Amino acid sequence: QSEDTYKIGVVTFLSGQAAESFGVPAWNGGKVLIEKLNAGEGPAPYDKKGFGGLTIEPVVIDEAGGATKQVQEFRNLVQRENVDAVVGYVSSGDCLAIAPVADELKALTVLYDCGTPRVFEDGEYEYAFRTAAHATMDNVALARYMKEKGMDVETIGGINQDYAWGHDSWRDFTASMKQLYPESEVVAELFPAFGAGQYGTEISAIMRENPDVIHSSNWGGDLQALILQAMPRGMFQRSQVALSAGDHVMPPLGENMPQDVVIGARGAYGYMAPDTPLNQWWQKIYMDEYDVIPVQAPYRMAQAILGLKLAVEKAMEENGGQKPTKEQVAAALKGSSWESPAGQIEMALGNGHQAIQPTAIGRTMKNDEGKVVIGDIVRFNARCVNPPEGKKSIEWIESGFEGAQCD
Amino acid sequence: MDYLLTILVDGVVYASWLFIVALGLTLVFGVLRILNIAHGSFYALGAYAAASAVALSNGLGLPPALSLLAMLIASIAVAIAVAPFLERVVLRLFYGRDEVLILLVTYAVFLMLEDITKLIWGVTPYYVFEPRGLFGNVEVGSLFYVGYDLMLIVLAVVCGLAVWFGLNRTIIGKVVLAVIHNREISAAMGVNVARVYVLAFFIGVLLAALAGAYTAPLISVQPGISVSVIILSFAVVIIGGLGSIPGAAIGALIVGIARAAAVYELPEAEIFIVYLVMATVLVFRPEGLFQRAQVRKI
Amino acid sequence: MLLQLNDVEVMIGSVQALRGFSMTVDASEMTALAGRNGAGKTTVMRSIMGLVKTTGGSLSFDGEDLAKVPVHHRARLGIGYMPEDRALVPELTVAENILLPSWVTPTIDGPKRLKQVWEIMPELYGMKDRRALQLSGGQQKMVALGRALTVGTRLLLLDEPFEGVAPALAQRLADVIAELRKEKLAVILSQSELNHAFSLFDSEWIIERGSNAASREAAE
Amino acid sequence: MHGKTLKTLLGGAVLMAVLLLAGFAAPQWLLFTATKAIGYGIVALGIVVLMRGGVVSFGQGMVYCAGAYAAGLIAANWGLTDALVLLTIGGVTGIVIGAVVGPLIARYRGIFFAMLTVALSMVLYGVLVKMNQIGGSDGFNVPEPTFFGWPPDRDSADLALYCTAIVVAGVTAMLCRVYFDSMAGLMSRAVRENELRVEYLGTSVHRTMVLNFVVAAGFGGVGGALNGMALGHVDPLFSFWTTSGEFVFVAILAGPYSVAAVFVASIILELVRSFSNLYFPETWQLVLGAFLLAVILFLPEGIGSLWAKGRIIAPRTPRDDVTRSRAAEDRSTGGSRVATATRAARPTAKEPQA
Amino acid sequence: MNASPARAPRSAPSPAVPVLEARNLNKSFGAVSAAADISIEFATGSKVSLIGANGAGKTTFVNMVTGYLKPDSGAILLDGVDVTKKKPRAMTHLGVCRSFQIPQLCEPMTSVENMLVSFGASGRRFSLFRPCGSEGSEDEARAMLDRFGLTQYADRVVAELPGGVRKLLDIAMAMVRKPKVLLLDEPTSGVSAEEKFPLMDTVMAALAHEDVTVLFVEHDLDIVTRYSDRIVAFYAGKIIADDRPDEVLSDDAVQKYVTGGAR
């Protein structure tokens, strides 16, 4: 291991379904951010070169191929490539599989994107961290938004992908709705296969029931296909559609994005990011490079790298300016808190290993230039939409959001 | 009644899409004895090419109806670019080998095409929604359907009839049959075997590309669309009996309607209803619905 | 000289199937190619059809070097081949099997030839619409002969045509073949019997372990 | 015991000993890669067994997954973590599934067999994805295994599992070799070449197929249990068709002649995949595909053909040297003089002579 | 595994009960009638040849008797026991073996290996663990090849063998089990003239001292007259003559439809 570089393994989708929506934009964000950081061009407090003077050296790996392959590649990164830390994983299945291996190999690992609450609710790890909030937040916020906007909801339908993400999101959403709209009733729940691509039948089935709200946690191509196929059939006129993670399809869909859709970004990202100097800087470097607004995935990559950066620098300080060990960095990262372009990240859950963060929900609408953007935004503070430490998400929702701190 | 009608319409629309994909697959198997995994890649190539072509035709300010033609031309272009090269340069090396080995060859081609597609078009999705507006909306029962989707049914019927007729009612089709059965003797009887092979493969690729092209307006064209269609169309072809065109049609209808019914009635089963149908059919008809006549052995 | 084989050598795998075999056939000559099992009769015919690669020697047909003629063009030269193993197209009917060569070679008048075949082998007419895959061994043999007849306007290669054919029919086929000579058609007929009853041959070539046997006595 | 059998066992034992010793010198990442490759190899060995009988299963992921889930669930819920016990559970699960499914599936051949096995594995996949109690599509984690009550520490865990894998692989490989060389193994090849003849000789084709299927399923289960332990995680993707496809690839890469080749092939595939993923993260599929094509083109009989003989018994006549180069030439002529007589779709010279 | 004896148990030969009997067999394929009300008996030890025009139904008859085809109606009796519904495997176990018009061999294997398969299938050498080719079974296989004059082809891959040799091998494989009824479908077609008679001699010699019933389909009249004590002539699915060779061959119908009056 070199003493003046800090080698991170970056694992994200470069091929397959999730490449376009998450993997590639995330890595694009990572690339430009690392470049700026290595050049020492970040704003304070991120203005030290690289990680405390150590040059950041990324090694990228494709996440496609399933958890089995990822465990193996993870081991290769750690044991063969001798990386100092691994930053990665979009897929929840991969995160669940990697976390225990990270501990087993004593390898510092930052999970940057995946959504399942189970990683730190069902397990306890020393070397694994997640620097983004888990998916419960998205659906709780979605329900709270509707309540706050005074929408009338009697019947609910859902189209979600048929795997853990879709099922978990739907469960959290319906549970939250039950709390906020006790009278509401689920009239249709559909789980088309992941990557199905054709939703004609599902659209017919759900539209027959005419629910007030249609929820979907679909992402990527599946979400785009759903929107494109549902739009001409009037689904967006007949029902209020709520997309828990839909912001990232807006740049590619452009004008084809229907209006008046309640939409979340899994955090206060992209169109809904706070107007802070850090965010302005971040959006600028990203847009200069790629000419498109960064959506959720690059934001989450950025917050992971920034958090890691501060932790490394703090540990370095404690280590007398020497390159810190993995244990030292882990100790520094645990329970820490830092500012990200999307607001303050706090490692508040999972014994200091799981982040919470503020979020925002809005509605799609045309701006003055005729572009579809997100407006009518409501911000939620982190402790309003995330469970408190020690409480499992679903129990927390079912307890009526006990201990939630909303302003 | 209204309820059954929607299931039927949904099922048939889905079936037509499946059928166009499966048609090329079953044809290539029937003629070249290749169960072609790369068929999914040709589908994707067709979709991408169509996206580019429609963008071009719109960019040139041509009337939207011409985008339908642009899609057809795009599919033909894909077939011209891909089929002769693949058949003459790659697949030819493997003729006469075990079916399973060739299956793996096409798998390798599939892997390579995945990345090649990505190198050409990148990972950003493409949209070609314009053609979808061409046929307006149709009201069936209490629901709206997009006219374009219903047009797919027509396209499927046309493709199916054309290929069936070509194979069964024309002399070319019969020559193709001869080549399938015995390459060597066909050559000895004067058949230009290489040409038959290229032609059959060309049509197979064309059908895949066509399916991709005309599906493009329904979806966002992006990496990964090739994988999902493969297994599904395999299942259809197996249900119908490998190499049988009426088989593929009925297989697609069964799968389409079974799936639609499952979505309404038994959503949990949607993901494996296709396999369930396939297993059931095979239990009763081990060679699929339309089995190929067996050659007398003794 | 219609057909000339000069020192033809063929390797099949590592077996040398032909070791410098030579023969000549004149137009409208009736030739027997005789030899015991494995002697190389089939291989001679296959090399004339271009279905095996020769490793030495030369073949010429009507003065043209056969090595330069692609396999599927040999039919145009008027060479008809009846393979030992029949090799019919199972999905096609009897009539279609016989017509097949005429579809791809424009110079062949299919219907006329078909009629001729019906005349020669009337039992085929009765099953003209049956698919070839169901026929018995001997029936297939007849169809294969019929098919060869549609192509072969100048040279017929018949690989053991009487094998598995009932004597009554064999007799008739022999007569038919003898008749063909009148149409200026040369015939090469392979058989594993060295002393066949038919006395219809103009010449007889004996093949022994892939090369010409010196004489008839030597072969026995 | 017969000499040939003895030779197999002795050879196997020596090879195992060498590999075990090598394990102590190997870097950690290689140990893990090797362990996983061995797990894959055992499953692929099952496919080789099937291949010798003339069918290829594109759904071995089903038994692989079932073995992994059975072992994993028992380890996670009952705390039974002994590696040997878990491997046994995996194997038994596979055998039970094989015994149930085998008789139903033994009447299918070729592509139909392949697709039906795919269908079955996809049904299992579909069911597991829905089973949220055991993690749904995310699967669940498998606790680290113990070895006869000894819980290894972090540094020796990989080595311990590697050694177990070597022993298990060695035993299955030797059993396989003995089976292939036996009369039953010969019958299995005869079934592949001509079922009609085998039935007319008075042997049940069905029984041979079922036997092969059960053996393959047992191997699949053991491989699944092993990889479940090695990865510490199992998920429904174990039963997905792409996983099964990889097993088939390993089997084809190895070829039908050598049992050891299966494991070599498995390691090669893992390394190629891993390094191309590292050096060409954006185009690794292109590299892998090209590699696949090259192997199928240049080593059509698999890498096993580099050192193993295709013959079941050695010829007695001294024509051995002549026959040696035949395979390659047969291919070049493409000739299939007899193929048409029995099965048109098959090449004549499938078996090389050297 | 398979402990069935090499030779099927044999009931005491009784002259009253024919070893094989067909009663009113009918079989048609679509419009083609391949067997029309065929009734026939074969006595133990008889050597019978079946002749007939092409497509007369000879192979179909053999296929039905060996359980490959199920007759549309009628019954087949072996030693007086109804075996109509038995499959080929069961018929083999009962001692009915056959060779084929188109040789059925394991193409990529060598001749010895094919013979070994035959020995293996006959149950004597079947084991999951003992290597095949061990303990003399290979010697036995080679000895059998030797008897058919195939020694020089023993180690050659079957796919490369000339047609006649394949035929011989096919017959040799059928005889490993020492059947009590042996059916040969055109045993000498494709076999060269010099080898035909030695082949039949070999077969007949191998069976001479046992009460084996042999039925063979043949087109070669020399063979027929020399090796059979009875001829059954088929035409269009029917038996048109069934008698001593000279009687049958001089029959008018037979001359007209089958032999062409050559003799």
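Each chain gets a letter, A, B, C, D and E, in the order it is written, and its residues are counted from 1.
Keep in mind that, in the parts below, a residue touches a chain if its C-beta (ideal position, glycine included) is under 8 Å from a C-beta of that chain, and two chains touch if they have at least 3 such contacts.
Listed by chain with UniProt protein names: C = Branched-chain amino acid transport ATP-binding protein LivF; E = Branched-chain amino acid transport ATP-binding protein LivG.
Treat the numbers as computed from the prediction; the structure is a model and nothing was measured.
Trainee: What is the graph distance from chain A to chain C, where chains are linked when they touch?
Mentor: 2
Trainee: Of all chains present, which has the mean Cα position farthest from that of chain C?
Mentor: A
Trainee: Could you please state the distance in Å, as a whole number, between where the Cα atoms of chain A are centred and where those of chain E are centred?
Mentor: Result: the chain centres lie 75 Å from each other.
Trainee: Using mean CA coordinates as chain centres, what's the gap between chain A and chain D in Å?
Mentor: Spacing between the chain centres: roughly 39 Å.
Trainee: Based only on mean CA positions, could you tell me how far chain B sits from chain E in angstrom?
Mentor: Roughly 49 Å separates the two chain centres.
Trainee: Would you mind listing the residues of chain E that make contact with two or more other chains?
Mentor: 59, 101-102, 104
Trainee: Two or more other chains in contact with one residue: find those residues in chain B.
Mentor: Residues 114-115, 118, 181-182, 184-185, 268, 271, 295, 297-298 of chain B each touch two or more of the other chains.
Trainee: Give me the residue numbers in chain C that touch at least two other chains, ranges are fine.
Mentor: Within chain C, residues 12-13, 15, 42, 51, 87, 134-135 contact more than one other chain.
Trainee: Within the complex, which stretch of chain C touches chain E?
Mentor: So the residues of chain C in touch with chain E come to 12-13, 15, 35-39, 42, 84, 123, 130, 134-139, 141-142, 160, 163-172, 192-195, 197, 220.
Trainee: Considering only the defined contacts, which chain E positions touch chain D in the complex?
Mentor: 1-2, 4, 66, 87-89, 92-93, 97-98, 102-110, 112-114, 116-118, 120-123, 125-135, 137-138, 142, 152, 154-155, 157-159, 166, 173-174, 176-177
Trainee: In the complex, go through chain C and note every residue touching chain B.
Mentor: 49-51, 71-76, 81, 83, 87, 89-92, 96, 100-101, 103-105, 131, 133-135, 147, 151
Trainee: Inside the complex, what are the residues of chain B that reach chain C?
Mentor: My answer: residues 171, 174-175, 177-178, 181-182, 184-193, 292-296.
Trainee: Which of the residues in chain D end up touching chain B in this complex?
Mentor: 56, 104, 107-108, 110-112, 114-116, 118-120, 122-123, 125-127, 129-130, 196, 241, 245, 248-249, 252, 282-286, 288-290, 292-293, 296-297, 300, 334-336, 340, 342, 344-347, 350
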